[in-house]
Structure formats: C-alpha cells, structure tokens
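Note that chain A is present in both complexes that follow, paired respectively with chain B and with chain C.
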Partner chain A sequence: MSDIVQTGPVAVAVVPPSRFKRRALKHKGLMIGTIIFAIIVLIALLAPFISPHDPYAQDLNNRLVPPVWYERGSWLHPFGTDNLGRDYLSRTLYGAQISLLIGISVMVISGTIGTALGLAAGYFGGRIDLVVTFIITTRLALPVVLVALAVVAMVGGTLGIVIAVLGLLKWDRFAVVMRSATQQVRSLDFVEAARASGAGQLRIILKEVLPNVMPHLIVVGTVEAASAILLEAALSFLGLGVQPPLPSWGLMISEAKNFMFFSFWLIAIPGAALALLVLAINMMGDGLRDVTAPDSRS
Partner chain B sequence: MFNYTLKRLALAALVALAVSALAFVLLRLSGDVAIAIAGEGARAEDIAAVRQQYGLDRPLVVQYFDWLGRTLQGDFGQSLYFRTPVFDLIVTKIQTTLILAVLAIAFALALSIPLGVMAAVWQNSWIDRLCLWIAVAGQALPNFFFALCLVMVFSIGLGWLPVSGADGWEHFIMPTVALGYYVTPPFMRLVRAGMIEVLGADYIRTARAKGLPASTVILRHGLRNALVPVVALTAVQLGFLLGGSIVIETVFALDGLGYLAYQAISQKDFPVIQAVLMLLSVGYVVLTLAADLVNAWLDPRIRVG
Partner chain C sequence: MIFSSTRRVFGMILGIALAAGLAAPAEAQKRQNTIRFAYDQVPENVDPFFNNVRIGVIIAHQVWDTLIYRDPRTNEYKGQLATAWRWIDDKTLELDLRRGVKFHNGVEFSADDVVYTLNFVANPANRSTTQSNVNWIDRVEKIDSHKVRIITKRPFPAAIEYLAGPIVIHPAAYYEQVGPKGMNEKPVGSGPYRVVEHQIGRSITLQRNPDYFRDGPKPQPQIERIVIRFIPDRQTQVAEMLSGGLDFVMNIAPDQAQQMRAVPTLQIVSGGTMRIVFLNFATTERSPAPQLRDLRVRRAIAHAIDRQTMARQLVGEGSQIINAICFPAQFGCDASQVPVYDYNPAKAKELLAEAGFPNGFDIDLHSYRERNQAEAMINYLRAVGIRATLRFGQYAAMREQIRSNRAGMAHQTWGSFSINDVSASTPVYYKGLDDDISRDPKVIELLERGDSVTDPQQRIAAYREAHKLIMEQVYSVPLYNLVTFYAAARDLEFAAYPDELPRFWEMRWK
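Right after this comes the complex of A and B.
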C-alpha cells in the first residue's frame, strides 16, 4: 500500500505560458481531443434547440424505426426510434447533458476533497501525513462499483444522489497525486522564501504551492471525469443508477439490450457516443500531461 | 525484513478493521434493514417488532461489534432473499469469480507484456502507435458495451459462443476478454515505460557490449527487471477485477460473486451485500499486503527506507 501512495508525478517545474501555448497547438492528440470535447459541450448546451423532437415524447405507432442509413429509415428520425417510439437522435443529444454534468460535478466534488487531503498531507507531513495516508489506504480498499451500486440502490437513483455518491468515493487519485506533488514543491526556494517573509500557512499553500501543482491537478481531473462518466453509465446500465425516462447513455443501452438482436443501432449509438466523449477527454488528459511535462518527448 | 513485515501486518489489520466499520455504517445509513426483513408494505408495528427481534434498535456501534464478532467466527448470517446461510452462498459462487479474475489477468498480461516490450524496443514505430491505440481504446470503451458487442459478433453473428450461463469453459471466453481487455491499458503502459527505462541502463549496455544476442539482452536482462512493478499492479488490479466483475458477470449471467452482489443489491439483501463487500475489501487488503511483502523481498531499498 505504501508504494501505491508513493507513486506519483515527479515533475515539478511549471512550463511558462508562452511555451505551453506553442506546445499545446503542436500536440495533435490534445487538439483533436479538445475539438471533439468542445463539440460535445456545444451539443449538450444547444440540445433544446437542435433536437428535432422532444426526447421524452412517445409515439407507439412508430416504435423501433431504424436509422436513416437503413432501407426502412427516414429523415424524420435520423437515428431511428426506441422501443417506445422516442426519437433516438434527440435522446442521444440530450444524453450528452447528463454525462457532462456527471463528469464535471463529480470531478469538482472529488477534486476538492482529494486536493485538500493531498495538500495537507504533503505540506505538513508528520502525523497529518500518516492520518491522510491511512484514510487514502482505507478508501482504496473499498470496491467503488459495489459501494456505489449498493448506496445508490438503497437511497434512490436520482442524478443528484449518483453525483454525490461518486464524488464522495472517487477522490483517492487526487489525494495521492496532490500529496506527492506537494511534497516536492514544499521544500523549494520560493516556498522557503515565503515562509521566511512571514506568510501564513494557508496563504503559502494557496498562493505558492497550489499554483505549482496545478498541472497535475488538471491531468488527474480529466482522467477522473472520464472515469466518473463511465461509472455512471455502468450504474445506469445495471438499472441501479439514473432512473428512466432520463436519456442517460448507459440507461439507453440498458433499455435497448432486449432489442439488440434485431436493432443493434439502439446500443451502438449511445455506446459510440460514450466512447467518443471518454476518448476525447482522455486525449486531452494525455496531451496536457505531455505538454506540461518539463522535458516532453515532442 | 522482520520489522517491516510486522509493521505492514499491523497496518493491514488496522485498514481491514476501518474498512469493515466503514462498509457497515455506509450500508446501514443508506437503507433500513428492518423494512427489508419485514418486506415491502409491512405494517409499522411489524417493522417495530422486527427491529426489536433482530436487535436493530441498539446503537450502531453495538450492532457493528456484534456483527464483526459473528463474522470473525464465520457466521455471515442468513440471506433475506435466498433464505440460506450467506456463507454457503459465497462458497458456491466464489469459484466462478476467482476463475474469471485469474483468466482476465492472464489475458491482460498475455496481451500487454509482448506488446509493451515491442513498443519499448521499437519506440515511436507503428507497433508503438498500435499499442497506444489499443490502450486508449481500452480505456474509452465502456466494458458493458464492449461485452454486448462481443455477444453480437460471436454469439449472434457467428454463433460460436453461448450468450450466457456458466456451465463450461466456453462460457468464460467472452467474459474473460471483456474484463481482461479493460485492465490491459495500465499493464501495457507500465511494461512499456519500465522497458524503456531498463533498456537505457548501464548493465544493458554492458550485456550488449559483451555481444549477447538482442533477444537475450531484452528478455533475460531487460524484461526481468521491468516486471518488478508489474507484480504490485497485478495485486491491485486483481482486487479491482473482483469488484469490476459485477458488471461483466451480470451481462453474461455468469453465476459468480459479482452477479450474487447485483442480485443482493436489487433485492436489498443486507447480509449478503455486507458479506461480499467485506470479503472484497479484506481481499484487497491481503493482496496489497502480499504484493508489498514480495516487493520488499525483491528490492531491499523498500524495507530499509
């Protein structure tokens, strides 16, 4: 366990903004990821305006209409309709809102908890470090999927509950990375200088340490947002996460499972949407790690 | 080594205790056991009677130690849904999950070690790029969606493999691939990074200078040292797989611990959920303890420092 907690980033130096921008623009993966992500964010924001139909409106006379690229498909429902006759394109577009909301909210909650713990442990060391390391180790021993499933199933599967449960569970990687990054920054000259000039502990942590561990925080944040999106999809797929009729991509795959033999597009479309969003976020994360590393390969 | 082992054992015991308490309290705060026992739609006085009969009106701390004491003696209680002792349920189901977890890890290692080594040896070549894409795709594909795609191709399209069940070895192929592929990326990245680091080391240059064949240098001298961190990751991933198999076992109706947990959660079967949760957490603690001890034995710097 000790070595899980110890593996973390080694790089400390922050790349200056001008060089960061030049490197970022040259990094293909980062650019492609950012563009796809931006498009999905736009879709989520504009869903009410660009959706051809109401995502909840059922039309039982037009159930399981295939997408436009099939022979029986039509432009009236470009992605076809589901087993209740709801327009699949509209549901897919609205689904982006749920996944993004989950990813970003969980990242903010778990990021706040994990960063606070990691900063405290890394900066103060000693007993505080021992206690925080113990809390992290205990948290790592809890199986996330099982605990999240059980708690959400018992308390009730609303969007808010899913966000709260995942946010309270998924702070471990933030804490681990922030702890080791802070340990490296803590003894550097500018932190010593701030201490010598009589700055308060909180001020040193927020003004000197935090900005210098920020690159690591952003990289972990992207990884965790992607993982939260996949977890929500898995919970909803098992029927124990977000409840119908919300157009969560995981829930859409779950509802379409029984029809997949003849209507494979019903699981292929939300599945592809999920994979594309997670891929874009991971590409951004990998790219940011390359770009912010002091001696990046490119 | 003795002191280190003792310290690590004490820490593991403390963590196991903390996790069991946390799991107990979390579950109890999430739902009401008395209602689960009395059944949906039970009258208020029935629920009150159940609460008193099962001792659920006592303070949570007392209930926890009561439960812990019985659990340590091997008494996991009765399942509310299956109406059998939880211990028997777990014993019959755990084999399937263990087989699946070991197969999935074996699959992941069989895929990631050769690919990781090739990616490191031919850095920035097309093999390196291919490996990167396999890793990136593995991290982005939701595993239940990947599992359904496998079913679509190999069961429905080609008719080669059964859709669900756990009667023979052929039932394990798709779950193994679906679960194993999911944990392949971290292994591949670790092997690749480890090999790149090792291949730049002095003793590798010496081995090359001695005129040893490239394969001997890479496999005997390089891979052996690059695999040390893989041991720790294997333990961590094995613990993760035991939990992650809930989704895959449910997709394939594979009758293991994960599927049992899913059924128990759907039926609010508290004793079963609690037992599985406890088993997985303690299993993780034991696995990481074993990995740490193996690593300390392999690398003296850990146990001294």
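Right after this comes the complex of A and C.
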C-alpha cells in the first residue's frame, strides 16, 4: 500500500541562505513570477483605494459599456461595465482579493492538515504510517471537484464554505510529499544527535525535521494555492462556488459567457487576470524548486 | 453610437463570411422547404399530458388538435375538433364534434376519442403530469357519434380555456393499445404535422399532414418538414444560428438578440409573453426568513427595486410592468384597485429602520432562471442595506425548497400554461396550494370564490378583491412580463405571439 504514495527520491540537502539568495536573484522565472505576484498582492490590498468605483454599484442604464480602447469606451470605465452596469476595472481589482484569499487560505488549511499527517507518518513510521497512508489513499480515491460540487450544492456556496471545502480536500499532496521527505530526514545524523541529547519527539519534529523539509512544503504550497484558485474559478463558473454579487474572477467569466460572441472582453479581462495570477504562482513554485534543489540538480 | 458602428462592421464581416460560406446551405433549406429548429429542453414524454415543458406544448399544437381553438390575434374561441358548444347547466358542457377529421393513422375522429382521452387523463391513477389541467373533469359522456358532454366536478367557468390549451385529443383505439409510452415512441394525432421520426432525447422530425382538414382555424401547412433538435446549451444554438445550421430558435438572451440584429442572414423578432416575473415571500410562522413576516420589511423591498429600469434594460422591448400576480390580458386579472409601490430607496431604508433593521439584514434569494435579473435585484436590495445571497438552481430543486419552507424569498416566473384566465395564475400561488407560502385565509377564500362562481362579474369582483389584499399585504413584489426573442432565417415569414407558441403551420418562406 505504502508504495502508492512513494514519490521517488526526495532531495533533502538544504541550500545555505547566502547561496539561496544568489541563485534566486539569478533565476529569471522566479523573479518574474515574484514580481507579478507582488503586484497582484498589492492590487488586492490597495483595491479599496485604487478602484475608481464601488464594485457592487450597478447602473442598469449604463450596461455593457466597452473598454476605453474601443471608440465608445471612456476613461470613466477603463475596462467598461458588465451586464448590470458595474465598473469592470473595480470588479477585476477586487477580484484579486477573493482569488488570493482563497488561494492562501486553502493553502494554509490544507498545508496544516497535510503537513501534520505527513510528518507524523514519516517520522513515526509503523502503525501510524499505515493509518495515515490509509487516510491518504482514501482521500485520493475521492475526486475533488465532484466532492466539492456535492458539498456546495447541499450546504450552499459562500466564500467561507468554498474555502473550507477546498482546504479539507486538498491536503493530499502535502501529506504525500511531507511523508517521504520526513522519512529521509529522520535517519540523518543531526536528528540522531538531537535524540541522543534527550530532546522530546515534538521538539525534534518541529526544530530538526520541519525546517529541513520546509523547501518542499513551500513548493507544494505554491502549486496547491494555484490549483485552489483555479478550482474556485471552476466552481464559481458552474454556479456552485462564490455567490453573486462578490466579484470573483470565475464568477465574472461565468456571467460573461452569454456575451462571448459580441462582447468578448467581458470574458477576456477576468480570464487574463486569472491566467496571470496562476502563471505567476506557478513560476514562483518552479523557481523555488530549482533554487532550493541541491547543486547537482540545477 | 460610434461603438454601434464598430459592432455593425463586425456584424458585416461576420455576415460576409456567412454569405460566402454558409448562406448556400440556408438557401438549400428553403428549396427543401424544411425548418431546422432547436430547443434547450427535452420533453420527458411527447404525449402532451405527460410533460410540463414549453417544447412539449409547442409539439402538442403541431401534432395534435384541441377541441376548441383560441385565435391568438383576437382571443376569440373558434371550433377546432368541436364545431359548437354550450353549457347545459353550470357543470355540464355539451360539444358538437367535427365530421370528416382523420388521425394520422387513417382512423376517423369521433366521440369515442374524446370520451376515452379525457376519461383516461382525468383519472388521477393514470398520473398525468399537470393534474390541475385535467382534475376539474369529473367524467365525459358520449351522446351520439359526434356529440359529447363533459361533466365537471364543480362549476368551472374556465373550462373552455383549458379545452383550447393543454387538452388535446388522442385516437382512442391506438391510445388504449399503446398508452402514453407508446404515444411517446410513435405519436399519432390529428394535427397539421405528423411525426415521422422521434429519436428520443435527440430530435423529432415533423412532416406536413396532407390530409389535414380544410375548414378549421389552423390553415393548411406550407412548410414541408420541421426538424426539432434538442440542444441544451443556448450558446451552441446561437453559434449554429450564426453558421447557418439552424433556421429558427427562440428564447435568445435580449443582449445577444440586439447584437444578432447586425447579422444580415438573420431576422430577430421579439414578442411580449404571458410569463410574469415576481418576487414571492414566505410569511407564515414557519418562514425561514422571519424578517419577512413584518409588513414594513416587505414594503421596503417593494420600494427598493426599480422594476421600470429592469424591464427596460434587462428584459427588453415589449416588457410591461405588472401590478398584480397575473398576466394583464387574463380574464379576472384586475389590478385597478391594488396599491402600487414606487421605486424609492430612501423610503425603503426608512421602513427598514422602522421595522428595527436600520443596518439591514442577511437573507437568501432563491432563483432558477434569468440569473442576471436576480443579481440586479440583489444589488438593489444591497443599496438599501439588505444583503441577499443568491441561491441559484434547477426549478425542481427550488420548488422543493419552497414547498418545504426552506426558501424565504423566491424569484418566481409563471407562464400560466398560456391559459388566458386568472384561475391559471394567481390561485397557483395564493389559494393554499403547495406553492402558497403566505397562506392568507381571506385571500384563499376570495380566490376559491372567483374560481367557482359562474357569473363573470362576480368572478372579476372576487379576484379584484384578492389582488388588492395580496398587494396591501405585499405577499409578493410583482415585476414585469418576459419577452421572448426569436432568431430566424431572414426569408422565413412568421409571427410571435404572447403564448410563446410558434405556429409552424402558418409559417412560409418569403
């Protein structure tokens, strides 16, 4: 059974901080990803100050105004307005808040669950490992989208529920990676040394093991955050995610699909924003993996 | 305006592309005298008594005939399978039947067909889908080969309207032999079109009935074939329409219809329909939203929504504001004495404060169609402090939540089965039946009276009083009627009617 979750050799050598910094600055993908991500985070934080309009304020007499680069567009609504006359730029800016909130919250919740399970299984082995492996395989047998759809359809979709559902479902990769990484770290000399000096189990796990598997945790975290953002968009697109009038990018795409033949910017703008954010996070994840890998792999 | 010219340019480019590559097949359709029509719902059974979807009604009137026909232009009743009718007493309707009518299988139509069909569907054990369409019939008796009497359970003045709407006549011997299931697989009626192929769930092909009787209210059909395909996604329908793969579709979104006007191979026709839209409130003790039990809150909601702007901007040309829960042309839909609540957000806020909600409250809004209209209402409510969350789902799911007291506020629409009598609309929601979530005994009593007295003046008076009471208590916010947009090949000649029933038998090529 446990073979299923064995993910091949995992590098455990940790790159010293000085070399990490040097490598990181030289890694183009990581830098571009980080810059784009930082800009989106800034936009999300500053949305209330930089948005030209209230993202919820509708004006039915000014519907479907095209963006400024069309002849009928104006700087009053740089990205135009949607089918209820709401300012599209403001909604796109506020949408960053929701996507990031979901990405980060889901990452934290699923990361905590997955890391705890993975560390316990990898460190203690034996029965605990068997039990955790069983839980992981059980979880892997459930298709995430299907379960999320069913739960949201039953309980109703609010931002909180979407975060909770995705957080409780998406911890599997954390657990798998943490388990195999921990298995390799636990037999290394410094862990033995700590044990010999009489440190308690919890202290060894938190102070010796965890810092040494952290690079993997960060890489998995970025991948999961990006996938959570996409899943939320998918759920919202199907009408079962975040509910109106919240300006979620997935929801904006869903609402725009009736207009795609003639007002394609309604789909293109949130679609591009979503693609950019996910691309940036994935570039960061890839970059971090390259930078934290031992010399022989980069 | 400059933009609309960009749009026109786009439309022209699209049009040139279509003209070059795709207009040829459309021309071929004209030569082959075939209309290719698509619809997004699939009837569970084509037998008109065993489905409750619009496409079922549309097919019913092409393939079958009713006893009486209502002229959609004048609202005048004309004889179809019946030639004359009279009330013998307030529960007995006698009908003379037309001679020389043949069903598609060659069998001559007679009184036996009416007797068997109506007695079969009126029997609750046979589980016809919409019981309210037939449960007023007690029994049907044959007087002679072309004369029958329908005996109703209670006085039921709207009977004529039902006989002109959902109640079609099947050939008795065939129906007895195959039942509703066989009728679905191989439908046989007497109407202007006969079914030549039914691929269940995919398509139905209709062919002109050459033996259709001549002196009836439906003219002899001109179009040879109608191919009806079930395409669930409206965007796919539009794409097929743009590429010349279809000749006729209905229920296009208003915005899209506006934009499709620029395509030179198409014509867009719109028509107001009988389908009314309203916001309904659960006000009983078991209401899941107790705030709604306060009249001031309900009045606040009525003042918060700008119906006029919604009708103009979201529904489109042809949409009218309604002030009572019924379609204005229905008999008994008298809104002359109802209080009207104007759009006044300031007053709404005041009323909410008075009711003890100066900071508003949270509530769910249940909805199943026209999602953009539900969202617009949510934004209007938000502007006065009521934070509504959209609960959007299938109609069956929403109906279940309403009936089990789990929905406080519902965005409803109702098409009355195209029946032009108020007994088909208001009582459905306020006469104490399953969908009644306010259950006011006075309203129930008034509607009961309106549905059963025979004197038209007394009926109108009872309904008028009921509508007044419903609106004084604001059990709902009446909004507007919907508009159906049809897109068709440019050279097809057709008319749009409020009953949302395309009449293929009177269509022709220009």
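Assume the second predicted complex is superposed on the first by the 289 of 298 C-alpha atoms of A that agree within 3 Å, B and C clash if a C-alpha of one lies under 4 Å from a C-alpha of the other, contacts with A are read in each partner's own complex, and residues count from 1 in each chain.
The working rule: a residue touches a chain if its C-beta (ideal position, glycine included) is under 8 Å from a C-beta of that chain, and two chains touch if they have at least 3 such contacts.
The structure presented is a predicted model; accordingly, all values stated were derived computationally and were not measured.
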Tell me the contact category for A:Arg72 with respect to chain B and chain C: first, second, both or neither. second
In the superposed arrangement, which partner chain does A:Met260 touch: chain B (first), chain C (second), both, or neither? both
Which partner does A:Ala275 contact after superposing on A: first (chain B), second (chain C), both, neither? first
Going by the touch definition up top, name the partner, chain B or chain C, that contacts more of chain A. B
Let me test your reading of the model: by the given contact rule, A:Met283 touches which partner, first (chain B), second (chain C), both or neither? first
Partner chain(s) touched by A:Pro143 [first = chain B, second = chain C, both, neither]: first
So which positions on chain A get touched by both chain B and chain C? 153, 239, 257, 260-261
Show me the residue ranges of chain A that touch chain C in the complex, using the header's touch definition. 56-58, 60-61, 63-64, 66, 70-73, 83-84, 86, 153, 156, 158, 239, 243-245, 255, 257-263
Where on chain A is chain B touching in the complex? 1-4, 134, 137-138, 140-147, 149-151, 153-155, 226, 230, 233-234, 237-240, 250, 253, 257, 260-261, 264, 267, 271, 274-276, 278-279, 282-283, 286
Contact residues on chain B for chain A in the complex? 8, 11-12, 14-16, 18-19, 22-23, 26-27, 30-31, 136-137, 139-145, 148-149, 151-152, 156, 232, 236, 239-240, 242-244, 246-247, 250, 261-262, 265-266, 268, 273, 276-277, 280-282, 284-285, 288-289, 292, 295, 302
Within their complex, state which residues of chain C touch chain A. 1-7, 10, 234-235, 238-239, 242, 253, 255-256, 259, 306, 309-310, 313-314, 364, 371-372, 374-376, 378-380, 382-383, 389-393
